[in-house]
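First chain A sits with chain B, and in the next complex the same chain sits with chain C.
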Partner chain A sequence: MEFNISQSVRREDVPDKIAGIAKYIGDYKFKDMLYARTLRSTEARAIIKNIVFPKLPDGYCIVDKGDVPGRNRVKIIDYDMPFFADGVVNYIGEPIALVVGKDKRVIESILSQIRVEYQRIEPILSVEDGLNAEKPIFGDNNCFSDYTISKGDMVSAKRRAKFVYEGEYETGYQEQFYLEPQGMIGVYEEGKVSIYGSIQCPYYVKNAVEECLGFEPYRVRIVQTTTGGGFGGKEDYPSLIGGQVACAALKTKKPVCLIFERNEDIEVTTKRHPSKIRLKSYIDENYRVLGMEGDIVLDAGAYSGLSSVVLQRAMFASAGVYNIENLVVRGRAVATNKVVSGAFRGFGAPQAFFAIEMHMEHIARELGIDPFEFKLSNILRQGDRSTTGGLYRDRILLPEMVNRVIKMSSLEEKKKAFKEKRKIGKLNGIGLSMFFHGGGFTGSGERDHIKGRVRLVKDDKGYVEILVSNVEMGQGAGTTLRKIAAKTLEVPLSKIIFNNPDTDRVPDSGPTVASRTTVIVGKLVQEASEKLKERWSEDRVEVEVQYKYPEGFYWDNDRFEGDAYTSYSWGVNAVEVEVDPTTCEVKINGVWAVFDIGSAIDERIVKGQIDGGIVQGLGYASIEVMEDRSGKIMQRKSTDYTIPTSMDVPEIKSELMCEPYGGGPFGAKALGELTLVGAAPAYALAIEDALGVKINKIPVRPEHLMEVVQNGK
Partner chain B sequence: MKINLKINNINRDIDVEPGEVLYDVLRRCGFTSIKKACGTSSCGVCTVLLDGMPVPSCSYLAVKADGHNITTIEGIKEEADRIGKFMVEEGAVQCGFCSPGFLLTVIAMEREIENPDSQGIKNYLAGNLCRCSGYEGQLRAVKKYMGVSE
Partner chain C sequence: MVKVYRPSNLKEALEIISSEKCTLFAGGTDLMVKGKSWSGLEPSFDRPVVFISDLDELRKIKINEFFLTIGGACTFTRIIDNSQIPDFIKEAFIMIASPGIRNMATIGGNICNSSPAGDCLPLLYAMDASVVLESIYGRREVNIEDFILGPGKNVIGWNEILTEVRIPTKNFKIRAYRKVGTRKSTALSKVSFAGLAEIEGEELKDIRFAFGAVGPTVVRSRRIEKKIVEMVSEKKLEVGEIKKMYGSIIKPIDDQRSTANYRREVCLRFVENFLMSCKWR
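Let's turn to the complex of A and B:
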């Protein structure tokens, strides 16, 4: 079957979604199913002295730490937060117990009658307090991770430098706000627990539930249900609630359904790490950045979760797209008594790229030179080394991409026109960002931890089923993987089957994270298809392949040296804004983007990722404000935490300019996360252009802008 | 208490609690196309049509709907297919959780506004949140469906 891999096809999952018959977790009904609601900590840090429960009606029960037959710690990277609080609580919203029963209203009534007696401990509510904690939440220094990367010779760079510039950059929380809230159902039958749920990583949940119950692997089965968005939010958190419903099902011997309300979901589930990033650059008389010192501090919240890897990704991206040969960057993930920070599309990179893109612009302005010329003269080229000393092996198209975006957006003409407009009080501006995203797990993760396996099964009628643990959560993975198999096997797409994964049927091909599904798993699907093709004449064939670390790459995980990623995707964004001179409200008038993703497996799916990612990035930069006070999230409802609406976005004009990657399927590289990374700095730079001020913090809020404008800083 | 709802043109007598919202009642009756994402009538996901007008069923008291016509996606398959075709073509659907509510709102707009322009469409659909598509695919689809050029 000959077809161009990039040409868009109809997505198989869409008709059922439009017709309202796709089954999400809330649409599942099991016989005698019970419901659960969570009793949560109202204290940021306390010892639980006592819990007084009301007399429970027949058929209702409490499930808590005493009902965890295995280890009461969620296996994420380390054995981490407890499934149910064990004597202490470390953040507001931490789960203590489930109330389980038939009628949701009775459950609510029971919940409202439970009295928890706390002995308060002084909470750590900021990273500053966390770095000087007398009573640490974690370890001795209260950091879940404290890393340093370095390369080159900083002493010499400092000596040779003519200019030094230092800046501090700050980013806030961001809530994933997948439209389908978190939800899972646990079922116990004949000695085996099955968990159904809205998830990104079936095997993460499986591993966590096995440890929670102390069950052998064959006694735990995870089934992904149609998932209404994830964006990272359903990477780690489902392991926690998966264990909880497993314990509840085991105790009641009935199916137990736990689905969050939105307000609860916003308040207690993981979010993007707030960051504070200090960068100090050493520049010579030719405006080359000789060296950089960086200090990255992430607010990790009460438990470590995925913070160590988020931090690594932020550190490795700290120099952005610039070739800085001498570098020392320290990164710390600080424990605080707040909601746990976790995975969100970009995974540390949005924070780092905001910082470096603003930093480079500010250096140029400080030195009185043209920012574009300055940035382009320091830009990475093929053969340069990354922050960890890894080699950029492939051609880097950034200069061409920048030129294309400048042309698409008429950037130069606009800059001139806006200068004139400003004279009559019209505040328009345009900003441009450059960024990359490394495909797949950071460092040796794919080689040492995931070791992904992919299986294809062909039946006697010539249908081929793709068996992987990666999920379709809206991003189009099902269609993308099917296309790769069909194209490789040269059979019609209709012959390739992709079902939602069920761990009883699929091997562990790893989680649906890190933009790895196309570039890593897709490549394995391609390799398996090639093997299957050789045996096509057999009636029923099963082939399995496993990830092999590509030759010539190198990673030392103790020293953080070598190739942090085996492929890089690149992006350039321009954003045009108009600032209201009275209210400082910002309107986005245009967005232009060019991406290098190796090749598009399906242009329409790619466009969907680009549009969605950019708008999430613009939300992050502008209206998605989330703050905490005394450890409590202040924006706990969808009326307080607002995401962009159709009114907030202009048409997004995007193009691809691709350098195919030899290690990806049909040349494809990572896509999903890349699209979010560059929007925030482009937006902030556009506002800087409009107002002539310096912006060091996102989200950029009108009230802050007003202060900056009035105070001149 | 008992109320009468004409759901997708079929009359039904339904027992409801005084505080029960339309969303729960309709889901209980098997209309599971309706999804809920916020519970505070701010996202549009739970939209149903009440006498042709879009309402957020998560915050609409069932007793208030007594005697009225309710339309869900199950009741307008043909129209949904017609618009759906454009949504497929433009990549407007990703996770799909907002799709039924979005479609119903488009149908209401089509009935309510004659010849909307591009901005009019954006304004009408501003109450329907989508986190996947950045609205681009949705707006392209609706504009093509309604024959609106830029």
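Let's turn to the complex of A and C:
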């Protein structure tokens, strides 16, 4: 079938979603299904001395640590988080037990009568306390990870430097706020447990449940139900509740449904890691950044989760899009008695890019030079080396992209006009950010951990089903993968079938994370399609392919040296704001963006990711405030944790430029996360431009701006 | 199961609530949030519910030379769509929530909910509005300031319905309404502000300021307003002093939506801007 791969097609999942026919986990009603609700810790850190349960009516039960037949630890990367609290609790909201039964009212009544007796321990509530902990939560130094990367010769860079600039940057929590809260149903039938749920990574849940139950692989099956958004929030957390419903189903021998309420979901599920990043740059008389020292501290919360990899991503991105040849960066993920920080679109990169983009601008201002010239003179070029010494093999289009965004946004004219406006008290500003995102798992993760496998099955009528464990969660993966197969096979799109994965049917092609589904899995679909094409004349054909690490790349995971990624996508964003001189409220007047994501597999889907990612990034930068008081999250309701509405963001003008990646399908590169990464620094820089103040922290709250203005710049 | 009544006229409604303690349900946009329970369960109501949003007697809007009268069950949308209501009054309602909520939410509900962040309250305070409360024994009229006692607290009896809001149709040449929320739509207020002034020639006849979301109830001070009028008539307006006076009575708190410092500072800046924009100077 001849069609241009980038040309948009109708998405198959959308009509049912719009019509309300799509079945989400909350729509499933199994026969004799029971409901579960979670008993949670009300203490940030305590020993559970005793739990007094009321007398339970017939048909109701408690499921807790005593009901975990296998290992009471969730397999994520390490095994430190229990499915059910095991004598101690480490954050407010930590699950202790499930109350399970038929009638939700009775469950609530039981829950309200349970008395947990705690012996409190002084909690660790900040990273500063965590770094000097007397009673660590984890290990000796209370860090889940403590890494250093270095390259070049820092001593010589320091010696040659003429200027030194140091800054500290801070970012807050961000809640994924997927429209559909977390939810799972566990079913036990004939010795086998099936878990249905709203998830990104069926095999992560499967592996965790197998170990939780001590079951052989064939006795655990995971089925993804139509998923109303994930943004990383359904990468790690579902492994926890998947194990919980599995234990409950096993104990009751009935289907057990656990679906979170919105406020519960906001309060207890994983969020983006808050960060504190210190950068110190050494600059020569020609304004070249010779060297940089970095110190990245992430607030990991109570358990390690995915923190080690989030930290690595932040560290690898610490020099941003700049060629800094001498570098030492230390990163620590610190344990605190707070909700577990986890995966969120961007995975460490939004924190790092906020820091470096502000840092570079502040250096330029300090030196009294033009920030664009300064940035562009230090920018990465093809053939340069990354923070881990990896080679940038492909062309880097950043200078062209910057020029295009400057043109699209009339940035230069505006900067001038705004200067004039400020004289009459109008506070407009415009800011520009540059950034990248690496596609797929870091380092050799795709080769050593995931080893993704993709299967295609053609039936005798010429229909081809794509069997992968990657999920459609609103981002358009189903359509994208189908298009890749159809185009490669040269058959109509209608001949390609993509269903929600069921681990009894699909091989492990890895999780739906790390912007890998199109680049990595899509490439495997393309390869499988090529193989299938050769055997097209056969009646029923099944082909399977497995990921192969591309030749010429290299990664040393012990020393963090080599190619941290096999492909890079790039972005440039400009944001224009207007600050209300009375209230310091910030209005966004314009957003412009250019991305290099290689070739777009579907332009409308790409545009959806761009708009959504930028809005989410702008929310992160501005109104998405989440803080804790004594370990308890203050913004626990959608009333108080506000994400942007369509009224808060203008139309986003975006364009694509293309430097294809040979290893991606049709030259495609990573997209999903990239789009979020650059919005926050562009926004913060726009406010700096408008107010002439220095911003080192997001979200930028009017409350903070007011204080800065009150205290006179 | 919750027992519900759907009376067909005001009299019937009043009879129901005089014989049994009930919960009046207008748009339900506050009640449904308060009564929210585990999804799949009915919302929790501890008393029988009486639906009043369809009662014609509560949906009227009348205007004459003295009063604008808005029925207690008029929705925000109904108020916004009404051609007789002056725009500056509508402005307070346009800023509330989102179209869907405005189609349901009523002025009576906003007043009886008596939240410090109720967005129509500052304007009603500034305009000296009153509310009419009716029971089977008759009707009484209470000033809005006397009606609301504190967060969620007011003087309505369990056998009464708020049937009308009466707003004196006094003319104000200078008017300002501002709502500062966490975002542009569907956001509760960090601060809301209403300012009104009547000027004849060089003379300031009347000035009023009301502040929402900065205390247990809306803040308004007739004492300071009088002081401003005096100062202006003596041509000795000290904006700094006025701000200081308001600063001493506006005592907001830090909470999950904003900070005390921000809320107070914004209020004082609104006052300053308003005073600076008045032409008598």
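Note that the second predicted complex is superposed on the first by the 711 of 713 C-alpha atoms of A that agree within 3 Å, B and C clash if a C-alpha of one lies under 4 Å from a C-alpha of the other, contacts with A are read in each partner's own complex, and residues count from 1 in each chain.
One rule holds for everything that comes next: a contact is a pair of C-beta atoms (placed from the backbone, for glycine too) under 8 Å apart; a residue touches a chain by one contact, two chains touch by 3 or more.
Note that the structure is a prediction, hence the values are computed from the model and not measured.
Shared-chain residue A:E261: touches chain B and chain C both. By the touch criterion defined above, A:L691 reaches neither chain B nor chain C.
Of the two partner chains placed by the overlay, chain B and chain C both lie in contact with A:G26.
Shared-chain residue A:R37: touches chain C; no touch with chain B.
Once the two complexes are laid over each other on the shared chain, residue contacts for A:M706 go to chain C alone; chain B is not touched.
Of the two partner chains, neither chain B nor chain C is touched by A:V89.
Of the two partners chain B and chain C, more chain A residues are in touch with B. After overlaying the two complexes on the shared chain, residue contacts for A:Q616 are found with chain B alone; chain C is out of touch. In the overlay built on the shared chain, the residue A:T645 is in contact with chain B and with chain C. Comparing which residues of chain A touch chain B with which touch chain C, the overlap comprises 26, 261, 639, 644-645, 647. The part of chain C that touches chain A in the complex is made up of residues 37-41, 98, 178, 180, 182-188, 191, 255-259, 261-262, 265-266, 269-270, 273.
In the complex of the two chains, the chain A residues touching chain C come out as 26, 35, 37, 104-105, 108, 259, 261, 582-583, 585, 623, 625, 627, 634-636, 639-640, 642, 644-645, 647-648, 702-703, 706-707, 710. Listed in rising order, the residues of chain A touching chain B in the complex are 8, 10-11, 13-22, 24, 26-27, 176-181, 226-229, 231, 261-263, 473-476, 604-605, 607-608, 611-616, 637-639, 643-647, 649, 651-652.
Chain B meets chain A in the complex at residues 32-40, 42-43, 45, 72-74, 77, 80-81, 84, 87-88, 90-91, 93-100, 103, 122-123, 125-139.
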